[in-house]
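Please go over the structures that come below.
In the two complexes that follow, chain A is the common piece, with chain B as its partner first and chain C second.
And then the complex of A and B:
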């Protein structure tokens, strides 16, 4: 059962080849047996998952089942789950049992999906390697000496190791797409505001966006159908209508204009990764798409702008962790100041503290114009580049990452080197665009991701191109743990 | 842009994060590296460019001012470190 996609499992459930209880038990057993190797999960939700699976089986026997009824899904430990610990990878929330469900979780529950467990992640989603987790690093199932990427590293590793058929992630600067690329799976970051942020622990509120991670574009479409939609409880939730994302998957690519930003194929791109991307582009071209060279001249502003805006928003968002209402509190505080400063010293890890300090500095009196305002202006310039490009082309394509998964520990002592890992993914968040990473080959046995970027709310088009590419290739069907294919 | 250790101490105080004496040097060095990287931004020509706060240039939606939530004080306080008679407890702030 673990070698099947969500679409195949849903069919198996409908045809009664297995029950949701059997399916859920199977994945729980795999996690119990194999996750000590990968550390992809922080919390397994076995008992409640089996109870939910029994209810799903009853629903499957009725006529009001959905495409996801009875399907076990792993959730990044950033989505609040009623009664189930939500740590966000931090000591600060190690004891946090949410009194409510995130809207995303609520929607999956209503669809009858099963919460398999909560996946490991960089603390507060800050990181590109999953090494910043209070619960330890995650190992990449393709090569256990390398990182799975981050921050949604646990979700990516869980799907790649066939410990879950699909997972949720969040993407503030590449945190769905980069781990999807490193782990050889498909990951979609929707348009800003497409998926509700309610109950998704906030990192950088103008950039954060939840999305699906799975083996195929089709599976991502099935998950997005449940995740997407207006939420009146999230003031930045988009009100644009949601379509059935499976509807356009088979559309031929004839006439599609694909832009190739020169800035994404230059210095810094590993030649092996570049060769995989060129081969993928040729495949799309052979299906009738045309390739057009474009420029995104303000790309060089992306990393500095992001590393002001995201820390600034983080310093504001994370001020809520004060040791008073929930989460960690230091022992025997002498006074209120001691309570705050020691709680936050103990509760946050090094990278989170760094970003809070950088953000506090950028927002402090006398520096606001030089840093925060300047970064917001650069953000406009970056976004304008995309707007201009989308007058010439329908989608933009390039590598998701400059290279394949790097060794554990290789960059963990050098924050700036780690930041450079996200050079191709950050701009998409700054501009609020949708982006997808699809498996596009291997270099030395390690997966490569092809990134496709679309206009605002063009998720269906990205899924269409990803799906057509996957109809012609089998990279997404490779599995590191079965010695074979899905 | 170099940042002095006493400035890091000031920011840490603003952010209410205690930094142990033996770590302040290392933290200062790391923050200096990060600020050095983001300083590339200063070269950007941004005169007259409207700052972008929301990627869709959306504005805050308003809602009708009516009660939509029920009282869940007990559920919220059940996860608090210290409460008494419905109040959150902190160290004494007034003598």
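And then the complex of A and C:
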């Protein structure tokens, strides 16, 4: 069962080839057996999942089941789950049991999906390697000496290792697409505002966006159908109508204009990765798409702008973790100042502290104009580049990452080298655009991701291109573990 | 040296919305601690603010009420500081683009004059919770019921020159927000709180001196006292050649003094930046017009109308229009007695005197406006004299019924029967021969004075019930 896609499992459930309880039990057993190798899960939700699966089986027997009824899904431990510990990968929330569900979780529950467990992640979604977790690093199932990417590394590894058929992730600067690329799966970062942020622990509010991670574009479409939609409790949630994202998957690519930003194919791109991307582009061309060279001249501003805006927002989003109402509190605080400083010193890891410091500095009196305001201006320029590009082309394509998964520990002492990992993904968040990473080959046995970027709310188009590509290739069907292929 | 005081006020006004500004929790005052705090108010992870539209409407109403420019696009910002009663570690406020821009506000002074006080801006923000330092054995308790209550912070220009003006400004502001119905204005419950910025400069100087800010002064009386104390403190420093330090001070009502706040209580860098969880608030002309059409008659308009329609003095008009309830009471009295001047007198002197004495609001008055109007009618038709009317009013206050019932029951009706009056006049003339002699010998001016003596004697004889006008006429006729 674990070698099947969500679409196949859903069909199996409908045809009564297996029950949701059997399916859920199967994945729980795999996690119990294999996850000690990968460390993809922080919390397994076995008992509640089996109970929910029993209820889903009843619903499947009635006629009000949905495409996801009875399907076990792993959730990044950033989505609050009622009664189930939500740690956000941090010691700060190690003891935090939310009294509410995130809107995304609520929607999956209503669809009858099963919460399999909560996946490992970089602390507060800050990181590109999943090494910044209070619960330890996650190992890439394709090569256990390498990182799975981050911050949704646990979700990516869980799907790649066939411990869950699909997972949720969040993407603030590439945190869905980069781990999807490193782990050889498909990951979609929707348009900012497409998926509700309510109950999703905030890192950088103007950039954070939840999205699906699965084997195929079709599976991502199935998950997005449940996740997307307006939420009156999230003021930044988009009012635009939601479509059935599976509807246009088969559209032929004839006439599609694909923009190739020169800036994404230049210096810094690993040649092997580059070759995989070129091959993928040829495949799309052979299906009738045309390739157009474009420029995104302000790309060089991306990393500096992101690493001011995201930490600035994070520095205040994380102020609430003060040991007063919930979460970690230091032992025997002497006074209020001691309570704050020791609680936060003990509760946060190094990277979180680094970003709080950077963000606090960038917003400080006398520095605001030089840093935060400048960064917002750069963000506008970056966004304008995309707007101009989308007058010439329909989608933009390039590598998701400069290279394949790097060894554990290789960049953990060099924050700037780590930040450079996100050079192709960050701009999408700054511009609020949708982006998808689809498996596009291997270099030395390690997966490569093709990134497709669309106009605002063009998720269906990205999924369509991803799906057509996956109809012609089998990269997404490769699996790093026993069973070989899907 | 003669010093001029320069005062600017920042008023924090709690808006009377049913729910909080960014969550659905109720805003009722006085509930058990932490029973009106939701996951949003507690800043639980992943919780997001949703703006209460009513708070924006109230702010726009206020802006229109002072003729201010309305921010067609206003932006919420985060004001960052750590404090246990501030759950998010930041307050959502408005910094660069407030909902209400510059406006002007006219205040009436007790000497009958008036002044224009400039309003710099007014912006929306959320209130913090409360830290409770007593009853917790050396620890502090946190009550988050108040956290997220909508506040309108109203910032004045440094146009106020003394304590009396400051109080007049606050009273006028209070009156306006009660008229608009945007706040209950209850200062004892903290619905209206005030920070005072105060500095001194030599009389005639144009430059501003260094100011001190006095935080959280919560009654008209304390505002007056805090300003007087701060004036004395700063004048003393300046006169002894010292310099005033720019600082935040606290008014201690128990010790009746201002003192500096501990530096820890004063945050210095709030790191304001636009709140990414909320979109800018964009309103259009149609919205503003719709709000404008719904505005009630405002205190200043009512005051002007009272002056024109009822020929009242500016001061009387301002007292009587202080609250919509009082103004409505007054106008009902006028409607029943048709004499605006006497009605104004009675409402201000007798009625408000009693209300103040018993610490009652106008809505709690035991004498209704109609009852008071009917009483005045009896003065006007000479059924009773003004003096007797006061007795009747006293009885009405005690709940003895309407004016006519009391006059009837107590036999207070004025004696206007000319036969009865004539015999009283004759009696008084007969028993005061010496005064009659004097009167007849006196000139016009002295006669007037002496006439009063005879009137007084007749009033005494009639127990105050003689019709004074008729008594005068009879006396004039007989004393020749």
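Heads up, the rule we're going with is that the second predicted complex is superposed on the first by the 485 of 486 C-alpha atoms of A that agree within 3 Å, B and C clash if a C-alpha of one lies under 4 Å from a C-alpha of the other, contacts with A are read in each partner's own complex, and residues count from 1 in each chain.
Basically, a contact is a pair of C-beta atoms (placed from the backbone, for glycine too) under 8 Å apart; a residue touches a chain by one contact, two chains touch by 3 or more.
This structure is a prediction, so every number in the text was calculated from the model and none was measured.
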Touched partner set for A:249, first chain B, second chain C, both or neither: neither
First (chain B), second (chain C), both or neither touched by A:164: neither
First, second, both or neither for A:312, with chain B first and chain C second: second
Chain B versus chain C as contact partner of A:320, first or second or both or neither: second
Chain A residues touched - chain C or chain B, whichever exceeds: B
Partner chain(s) touched by A:86 [first = chain B, second = chain C, both, neither]: second
First (chain B), second (chain C), both or neither touched by A:99: both
Partner chain(s) touched by A:356 [first = chain B, second = chain C, both, neither]: first
Partner chain in contact with A:197 - chain B first, chain C second, else both or neither: second
Touching partner for A:232 - first (chain B), second (chain C), both, neither: both
Residues of chain A contacting chain B in one complex and chain C in the other: 96, 99, 206, 232, 235-236, 315, 319, 322, 324-326, 336-337, 340, 360, 364
List of chain B residues in touch with chain A within their complex: 3, 7-8, 11-20, 27, 30-31, 33-35, 37-42, 44, 46, 49-56, 58, 60-61, 63, 72, 75-76, 78-82, 88, 90-93
In the complex with chain A, residue positions of chain C that touch it: 39, 42-51, 78, 80, 82, 84, 87-90, 142, 264, 269, 271-273, 276-279
Residues of chain A defined as touching chain B within the complex: 95-97, 99, 191-193, 206-207, 232, 235-236, 238, 298, 300-301, 303-305, 307-308, 315, 319, 322-327, 329, 333-342, 344-345, 348, 353-354, 356-358, 360-361, 364, 370-371, 373-381, 383, 415-416, 419, 429-433, 456
Chain A residues within the chain C interface of the complex: 79-80, 86, 88, 93, 96, 98-100, 102, 197-202, 204-206, 232-236, 312-313, 315-316, 319-320, 322, 324-326, 336-337, 340, 360, 363-365, 368, 372
